[in-house]
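Have a look at these structures, which come just after this line.
Next, two complexes with subunit A in common: one pairs it with subunit B, the other with subunit C.
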Partner chain A sequence: MSDSFSSSTERGRPHRIRDALLPVAAHLGTLVLCGFAFWVIMDIVWRGAPGLDWSFFVDEPTSAGRGGGIAPILVSTGLIVITAIAAATPLGLAAAIFLVEFMPTGSRFAAWTSLSLDVLAGVPSIVFGLFGSAFFGLWLGMGFSILSGGLTLACMILPLLVRTTEQGLRMVPDDWRRGAAALGLSRFSAVRLVLLPAAGSAVTAGLLLGLGRATAETAALIYTSGYVDRMPSSLFDSGRALSVHIYDLAMNVAGGDENAYASALVLILFLIVVNVAAMSISDFLLRKKVST
Partner chain B sequence: MFLRTPDSRFAFGLGIGAVCVSSILLLIFLFVTGEALPALKNVGLRGFLFDDAWYPTDESFGLVPMLVSSFVLSVGAILLAGPVGVAAAVYRLYYAPSWIRKPYRWLVLLLAGMPSVVLGLWGLVVLVPLIARIEPPGTSLIAGILVVSLMVAPTVTIMSESALEGVARSSWSGAAALGLSRESTLWNVVLPAARGGIAAGILLAAARAIGETMAVLMVTGNIVQMPDGPFSAVRVLTSNIALEMAYATGDHRAALFVSGLALTILVLLLSLTAARIAGLKNNV
Partner chain C sequence: MKTGPYTDKNDASGSGYTLGPVVSGPECCTPEAVIAVRGLDVAYDGVAALKDVSLDIYKGCVTALIGPSGCGKSTFLSSLNRLTDMSGGCRVSGSITVDGWNIHAPEVNLQELRRKVGMIFQRPNPFPFSVRRNLDMPLREHGISNRYEREERIETALIDVGLWDEVRDRLDASALSLSGGQQQRLCIARALILKPSILLMDEPCSALDPLSSATVESMVGSLRGRYTVVVATHNLAQARRIANYAAFFWVKDRAGALIEYDTCGRLFETPKHKLTAAYVTGIAG
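This part shows the complex of A and B:
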């Protein structure tokens, strides 16, 4: 460090070039990143928009998805995602509340849980797919089903959910806990009446992020919830998620591009709504934190 | 007996939830390893590393070309996404006009949350034909590198931003007191101070790149061979699993779980190193 300070006075010239390079590189990098991001988004909107009309949402797909709409696929996607959220929410909340409210900080169990969640968050989605098909599909006998896909996704979004809930709970001032205890509230009532409402928006933001992650997922679903593009009649039916539909149309169906793009636009619009909602909530939280 | 009070029952219930959550990772290792065992026994490490080619139906299980392809693709993606991602972070924090900062951040977050299948679709329909003009057929290593670098650049940006924001204000005022320009301060003080967090971001991006499946599968052509240039078609480990799980049985299926296990261990090492680097930085 001291070396670079002295050299910047002794050999000024190369550093002047280096210094001039930094803003150029910063602008260039940004331009490249934003340029590509815009390119992708505009491309999806441009080619996807013509295929979007009411019938696209309410019709069954025809000739392997080249024609018709995506009604059964939307239903399957909804069921898969709802299953995932319904399974992950109680588990994630329980784990986060237990870690923050009932475990001493720095305990071995808390450390292990936190490490395992970090690792879990990094496991490639195709490995979740392998695990899901071996565990839920074969071992628990669910086969290719919406249930099996939803539970696989639940495992995938749990780290996110636990982390955001933990953060929300840790933001609640300790005075509130003491206040609840002074009022003679049981731990259960304190959690239900004080802590969870206070952490509510963080939990909601986490749920929305998890919802987005689950809806965007493809690789974990191909071998768990499967390919079948008929209207599912129960959670034990195989159902094709929107992302799997896009993949199938793009790769396996000649002439499926148009509907693939329309489906991609639907997917992106949904994700934008979900993520904007999640971000507004966390921005709101940040402001609240700053003001108190 | 210890469950007599409602509160202890409540804590017990929560504890069960926490144990379930923390055992998912073990369960994944258990099941993936369990399904991989037959191949580990029958084929062995030697088979996976030294068999000439990948003809799983003819008992030939050479994973090396796919390992190399995965490696080259991730390194290429990081070489592109690393500098661009860091540059984008530096821009937003130190050069962007204030009205741009918020929409810019949303754009980066939007790109970070972009489904890989959508980027794959764009790659297949837009990028691959462009590359095919240079050298047909266009589905190639370089297409995979471009799409994946676009996917992981936001990770680098987001991690770098929080590392740069974490550099103490006093570093800035100290450098200002020494009469350093903004650029000199960035080069000599702020970027070195944030290098731990930036390195962690790049490692996480590498982990994502290695684990990425759909986008790569859609644009790289999926021919099992050693990559011999940016325009050669390649198949990476993740794509191989996605492509062959549909019909694989016996040792072949187990071999796919072996590659899944290898991927998990690789990604685990990368993310643990990243956590360690980021953690070290915080302790200093």
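This part shows the complex of A and C:
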């Protein structure tokens, strides 16, 4: 008995070394990852914070962005993102509702739709940019405009929106579907009055994630909404998004680094807020599901 | 196509679907078939769930469907308000008439049928909204635009299920914050508020604790006479306490079948079929 015990310990030695190494490697990996994220953010804060003051938010850029603020850029970014969300939300909701509520499960059409969504989600944003420039800009004659950029972004965030809404709707218990039907609600009313409100947090989380992605996008906007850093007067004007502004200051404008960092800080702060909001909403959703 | 109380199927084996005039039934019962089911077959994806079921449900009575799990009680119930339509791959044949109307006729308004034939499920399923909105929404959907009338009906429905005193101060609290028994009574109120004439209940007490179960049960008993109630249950004692009639289902040839249908007293005291006898005495099932 003791023999077999000791022999198994003999064989176990390499395992013990490996067992001891694994947590060390895991901790190290985590440390490197966190350190890297911390470094990037601190670098931006360190170099960006001095340039941040109230006037940075309300002034027009001067000298190709080396001086002045980012007021028109913030307005353009806001308009582009609002256009994108406004165009993508109805389409995304309709597609998700159709997939979950009106397609029989396992139907071929639903499978094809899912596949196309996955393909769309994997398309690089520069390809969306080229498509948007060719389709919205040239073919539909929108040129370089906030509208064209916003619609391109809408195509880009659509898969994300459909997927999150779809998951939210699938999490709604069938009990409520049957309950609504048994009360004589039409399918449309059931979706509108019961299922969508019940999936509301998922839809909101999806919208916020889409908002985050749209705000952070550069490549898809360079060819669509353009570079112009003036205050836009309508959706048909060209407008420069914040991320495009950062790209331009960093790559094309000598001496634009300080404002590039300040703009990057604004962008990152906004994205952190949006993502935290999205996370807390899905967290809330999860807790609600567990408790019901 | 209303049918007379007596038909040729009422043979000694107990497969008869009508029982004739109520001889010694409770006063509330009218010997009038408000639902007539004839030769009902239900299959899911080609697999038979219910075969050749025929029976009459009498107006104002409580009819209990008893039998083991998987014998088709729930399927039978959901075919009465055509909730079976919701599962793709479900095929229903045979005829069901409610108040003389064939519910499978193309001109039937499904929404109206389901308003008339309310349903309560095994697990309480209030919507994740406030108590008030749970009751207000179905009313609005069925075109009651007068706010005063809606509020009055909400109060009446809550009084009817004995919930008014418990929730009158928190009508705007989430329905999910109520206890299981309260949630189930809210669901019953939600069905009653549409003024149905028939209520289908699919094991309404089985997901509740004994105390809530007793409350809901006595409430169902109080509905007798005002509503026609069809209740599926595998709690035999409960069926005996609340039902006027009882239908015993069993799995025959891998599909649910109606074995015996009689007044509750006769089915439990002097069952005609040996399967029924075995089941009600606890030997089988």
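We take it that the second predicted complex is superposed on the first by the 276 of 292 C-alpha atoms of A that agree within 3 Å, B and C clash if a C-alpha of one lies under 4 Å from a C-alpha of the other, contacts with A are read in each partner's own complex, and residues count from 1 in each chain.
Everything that follows uses one rule, which is that contacts are C-beta pairs under 8 Å (C-beta built on N, C-alpha and C of every residue); 3 or more make two chains touch, one makes a residue touch a chain.
Everything quoted here is computed from the prediction, not taken from an experiment.
With subunit A as the common reference, subunit B sits beside subunit C without any clash. When the shared chain is aligned, no partner comes close enough to touch A:A49: not subunit B, not subunit C. Looking at the shared chain after the overlay, A:L130 reaches subunit B, while subunit C stays out of its contact range. With both structures placed on the common chain, the touch criterion links A:V58 to neither subunit B nor subunit C. In the superposition on chain A, A:V273 makes contact with neither subunit B nor subunit C. Of the two partner chains, neither subunit B nor subunit C is touched by A:A111.
Contact with subunit C, but none with subunit B, is seen for A:P197 once the two complexes are overlaid on the shared chain.
Of the two partner chains, both subunit B and subunit C are touched by A:S186. By the document's definition of touching, of the two partners only subunit C reaches A:D175; subunit B does not. More residues of subunit A lie in contact with B than with the other chain of the pair subunit B and subunit C.
Here subunit B and subunit C sit at a least CA-CA distance of 11 Å once the structures share a frame through chain A.
Note: residues 186 of subunit A belong to the subunit B contact set and to the subunit C contact set alike, using the contact criterion stated above. Against subunit A, in their complex, subunit B makes its touches with residues 6-7, 10-11, 13-18, 20-22, 24-28, 31-32, 34-35, 83-88, 90-92, 94-96, 104, 106-111, 113-122, 124-126, 150, 153-154, 157, 178, 181, 183-184, 186-188, 192, 204, 207-208, 210-214, 217-218, 238, 241-242, 245-246, 256-257, 260, 263-264, 267-268, 270-272, 275. Looking at the complex, you find that subunit A touches subunit C at residues 104-105, 173, 175-186, 189, 193-194, 197-198, 288, 291-292. Looking at the complex, you find that subunit C touches subunit A at residues 81, 83, 86, 88, 110-115, 118-119, 121, 123, 125-129, 137-138, 141-142, 176, 187, 190-191, 194.
The residues of subunit A lying in touch with subunit B in their complex are 1, 4-5, 8, 15, 18-20, 22-23, 25-30, 32-34, 36-41, 43-44, 47, 90-95, 97-99, 102, 109, 112-113, 116-131, 133-135, 139, 155, 158, 162, 186-188, 191, 212-213, 215-219, 222-223, 243-244, 246-247, 250-251, 257, 260-261, 264, 267-268, 271-272, 275-276, 279.
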